[in-house]
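Step one of this worksheet: look at the structure below.
Chains here go by letter, A, B, C, D and E, matching the order in which they are written, and residues are numbered from 1 within each.
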C-alpha cells in the first residue's frame, strides 16, 4: 500500500515500508467517550509493539471528529455508526469511508416504574436524545417494535414529524443524551445507549424493555477517508481493533452493553 | 423572508418564547436577588459601611463556587434541586432554575463593581444625615450608581442569553439551542446563520436600550 | 452641648488632631479658624463621628457618642446637619431632591416638605434652579444647595465646613444672615470652620484658633454683625473703587 | 490526597496546563486588544473625546455579534479561520483562537464600562493641559480607572475559565472539559467534585488576587 | 493677547454667556468678578476652549482657536495653564505625580523636572506632602496642588478659577505673591476669577465685572499689592481682635 495517502499527517512521513518497520509511525484517531476510547486504548497498546504510535484525540461532540477527519487533521475516527457518517458526507460533501464495524451499542428503552411497554400509561413521557441522528435511531427502535408507525421519507433520517401513528400517544421530550440518565426520574421511560444506561447500573440485557435488533445498521464503526482507507496504518489499526483483546473487553461489559460486530 | 425561516417559523417563535422565559426569569432573579447579594458584597467588605468579614467571605465563596462550575455541569449538578423546586427537572420552566442561579452569581459580581465607583463623599453625606442602611442603599447608593447598574444589567442579560443556549441539555429549548440543533447538528448552515442574525439583532437591541437608558439617567 | 475630650486622630503616622478638648455651648455660634491643614475639617468631622477619633470622647448633650450604634446614632446625626467642604451633593438628584433628603430621612410629614424646601432654597437664592442637577450648577450654586440641604430640617446643630468659600460677598452676607437668624430664632448651635476672617468675626461669639492639630487658643469675641451690601454689580464696583488697606483685614 | 486524584494525577495536571494555556492567551488578548477596543468604544461614543459614530457603531456591532453567538457555535463557526491561522483546528493551541476572540469581546465591554466612571473633571484637566489622545488614555484614563479595570479583568478571567470548559469540543482539553468528561459523561461524581473543588480554588485565588490588587492601587 | 469676540454659550435654553467681548493684554493680571452664577467660570473655560462657545471667536495672539484641531490646539493649551474651581486632581497619582503632568505632556527634559516640581510645591508650601495622594489632603492643600500644577511649567497664560477659595489669608497672600512674581519676572498673563474682593484688588490691573452672563463693566484699578501677614496662629488672633468694620470691605 502507499503511504502518500494521508499526505498531511505525520503518518506520511516516509514512503518506505521497510524503513517504517523501524521508524515510529503515528496515527491520529479521534474519539469522544468510553467505551470507544477504551477500544482505541487497547489497540494502541497492541500497535505499540509494531512501533506504531496511536495518538488519541478526545473531542467533545460527535460531529467534530468527522470535521477533523475530513480536514485530514486526524487519520481516522471511532465515534459513530455508518448512517451518521453518510449523513455527514452528504451534508459536508466529504468522503469519509467505513473501515470496520466494531460493536453494537444497543439502544434500549428503560423505565423505573414499569416492567413492560404494555404497562405504560396513556400519554407516557419518553425522554429521548435531542440530536437528530439519535432521534432517528430512537424512532427506528420504537418502530421496529411496532410501538409507532413511521411515514415514508425522502432522506435518511426520521424526525419527530415523521411519526404517522402513535398508538400509545407517547409524549416525547428531548434532552442531551448524557443528561437523560440524570433525568430518569422525570420520565416514564428513557431511550439511551448502553454506556449511559450503565451509569444507572442498567444493562440492555437485564433491564431494557425493548432493545435494537442485532442486525441493525448502527454498529459503531472505525471510519477513515476514501484516500487513506486502504493504507497500511489504517488496516493495522482495524486489525488491532478487531483483536481478541478487544473482543474480550467488549464481552466483559455487563449485559450486552457492547456486542462485538466482527 | 427566506423560505427556510418561513418553513420553521413555528419552531422559531416557540424557541424565542423559551429564550424569553429563561432570560426573563434570569433578569428578575438578578434584580431581586443578585442586586442585594452584590450590594452586600460591596457593603460588607473591609472598610465599608457594614464591614463584616464573615458575611462577605460566605457570599463571595458562594458566588465563586457557582461561577467555578462549567455551566453544563452546574445544570446537571442542580438537577435534584431543580426537581425539588419545580417537580420536574426537564423543560423550559425547570431550566429557569439553574438559569436564575447563574444569573444571581453573575449579576451580583457586576453590581458589586458598579457600586464601588460611587464617590465616598456621597456615602459620607448619607451617614452624616443619619440615614439607615436601607436608606443609604436605596436613596444614595443605587441613585448614584444607577447608570452603571443598568449597563451591568445589559452585559449580564447578554450573558444570560448565552447561558440559555446550553439549556437544551435538559430540554429547556430556546433560540440558541435551536441554532445548535438545527443549524449545527443537522447541518442547516443557512438556517443557523439566520438564527444567529436574529440573535445578533436581539443583542444589539438590548445593548442599544441599555446604553440609551444608562445615558439618559446619568445626570452626574 | 458639644464637648470634645482629649480627642486625637492619626492618619497613618501623621497626627492630624492631637488631644484636643473643646466645648461648645448650646445656642452658640462657634468659629474654628487656622491655617490650611491645621486640622479644622478633621475636628469638625469628629463632632458627628463621620471621622472616628482614635482617642478621646465626643459628648453631645451629655451622651457619649463614640461607641453608639444603630438607631440612636442615626437619630443624633439627624439633628446634627453638616455642610461639607466638598459639598457632597447627590449627582443624580435634582436640587430639590437633594434638599428633600434630610426631611425624608427624618420621616417628616410629606405635606409640608415642598414649602420647607422652597423656603430653604429661597434663603440661598436658588428657588428658580430647583429642577437643575448639580452638574448644571456653578461652584457657588452647589455650595448653596449644600447649605439649603443642611438647614432645611432645622437641625439642633449645624456643622459648617467653609460654608461660604465659593460665594461672592453678597451671597456670603445673605447666607451668614440666614445662619444668624436660625441661630437666634430657633436656637440652633452653629460651628463654622472658615478661613475667612470676616465671616468668623461677623457672627461668631467664640472662636477656636487651631494650629498643627492642636487648639492654639480660644477667644471670646463680639460679633460685628452682618453687613449686607447692595446686591448688584454696582456694589462690586463701588467696593472695588473704595480705597484703604483692606487686605484680609 | 484522595486515591482517585492520585490515580488521575497525570491527566489532571495536563488538563490544568491546557486551561492555563487557553486562559493565559485569553488574558493576553483581552489586555492587548480588548482593552484598546473597550477604550475606543468609550472614547468614540456620543459626547466623548473622539466622538465618532462610525467607529463606535462598527466596534459595537462586532463585539455584539461575537457575544451573540452561542459560544459552541462560535467555536464551530471559526474553524476555517482557526485552521488558517494555526494550521489546524483541533487541540489546545487551536482552541486559543476562539478563546481569544471571545476574550476580546468580553473584556472590551467591561473595560468600556470601567472607563465610564472616570470623573469628567479628570478628562477636562487632561484636555486643558493639551494632552494628546494617547496621553489622555495612558496618563489619565487608565490611571484613574485602574482599579475598576483590574476588577473587570478578574471577572473576565473567571468567565474565560468558564468558556474554556467548552473547548473540549474541538479537542482543546482543559480542566473543565475533564470534569465534563468524567463527571457528566461517565458519572464519576466523586472525581467531578474533586475537580470542581480544584476549579473553585483557582477562582477564589483569582478573585482574591483581583480584589486585593484593586484595593491596593485605588488611592482615590 | 486673549480676545473674546461676541462669545455666547447656552446650556439648553439658558444663556449662560450672552455675547461677551473682552480683551486681555499680554502680561496683564486681569480679574473677573461677579455674583455666584454670573458666568465667570463658563467665560474662563471658553478661553482655552474647554467649553466651546456656541457663537463668537476666541482669539489668542492673533490666532482664532475655535476650530483648531489636533496638535496645534494642544500646543496652545500647553501654554495656557488652568486652575479649576473643583481642582480636578488625579486621585490615583501622588502630589508629585500630579504636578509632573504638565512637564511630561510638554516633554521637557526629564532631568530638570524634580527641581521644578519641588520649587513649585515650595511656592505653595507643600514640599513635605509630595508623596501624599489627593484623598489624604485637606481642602486647601488640594487647591495648592492645583496651583503648583498650573505654574510648574511657566505657562504663557494662567487661567485661575477661584484659586484661593479654600485658603486661609496667610496662604492666600503667599499664593498671590507667587502669582505676582511670575507675572513680573516671566511676563505670564494671568486671568483670575474670584469672589474675594481683596484678592482682586491686591493684584489685578484691570477687572471685568460680570452680571447675568454679560460684561457689566470693565475697570482699571491700581493694585494695592499683597500684604503679607504673620504666618502664625498669633496672626489670626491679632486680626480677630482688630476692630473696625472690615466686612467684605
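Just so it is clear, a residue touches a chain if its C-beta (ideal position, glycine included) is under 8 Å from a C-beta of that chain, and two chains touch if they have at least 3 such contacts.
Which protein is which chain? UniProt says B, D = ABC transporter permease; C, E = ATP-binding cassette domain-containing protein.
Model, not experiment: these values are computed from the prediction.
Please report the minimal path length, in steps, between chain B and chain C on the chain touch graph.
1
Can you list every chain in contact with both chain A and chain D?
B
Sort the other chains by how far their Cα centres are from that of chain B and give me the top one.
Taking each chain's C-alpha mean as its centre, the farthest from chain B is E.
Using mean C-alpha positions as chain centres, tell me how far chain B is from chain E in Å, no decimals.
Centre separation, chain B to chain E: 48 Å.
Hey, how far is the Cα centre of chain B from the one of chain D, in Å?
The mean C-alpha positions of chain B and chain D differ by 18 Å.
Please report how many Å separate the Cα centroid of chain C from that of chain E, as a whole number.
Centre separation, chain C to chain E: 26 Å.
Per the centroid of Cα atoms for each chain, what is the distance between chain A and chain C, given in Å?
For chain A versus chain C, the centre distance works out to 81 Å.
Which parts of chain D, given as residue numbers and ranges, touch two or more other chains?
76, 120, 147, 166, 177, 180, 184, 220 - these are the residues of chain D that touch more than one other chain.
Mind pulling the residue numbers of chain A that touch at least two other chains?
Answer for chain A, listing residues that touch two or more other chains: 179.
What are the residue numbers in chain C that touch two or more other chains?
Where chain C meets two or more other chains at a single residue, that happens at 86, 135.
Chain adjacency by touch: line, ring, star, complete or other shape?
other
What chain-chain pairs meet the touch criterion?
A-B, A-D, B-C, B-D, C-E, D-E
Please give the residue numbers of chain B that touch chain A in the complex, ascending.
Per the touch definition, chain B meets chain A at residues 75-76, 79, 83, 88-91, 168-171, 177, 181, 184-187.
Spell out the residues on chain A that touch chain B in their complex, using ranges where they run on.
Chain A reaches chain B through residues 63, 87-88, 91-92, 127, 130-133, 173-176, 179, 182-183, 185-187.
Which stretch or stretches of chain C touch chain E in the complex?
11, 33-37, 40-42, 85-86, 136-141, 143-144, 161-162, 165-173, 195, 197-198, 200-202, 207, 209-211, 216-217, 219, 221, 224, 226-227, 229, 231-233, 236-237, 239-242, 244-249
Per the contact definition, I'd like the list of chain B residues that touch chain D in the complex.
Chain B reaches chain D through residues 46, 60-61, 64-65, 67-73, 76, 109-110, 113, 116-117, 120, 147-148, 151-152, 155, 158-159, 161-162, 165-166, 176-177, 179-180, 183-184, 192, 196, 199-200, 202-204, 207, 215, 220.
Which residues of chain C touch chain B in their complex?
Going through chain C, the ones touching chain B are 48, 50, 71, 73-82, 84, 86-93, 101-102, 104-106, 133-135.
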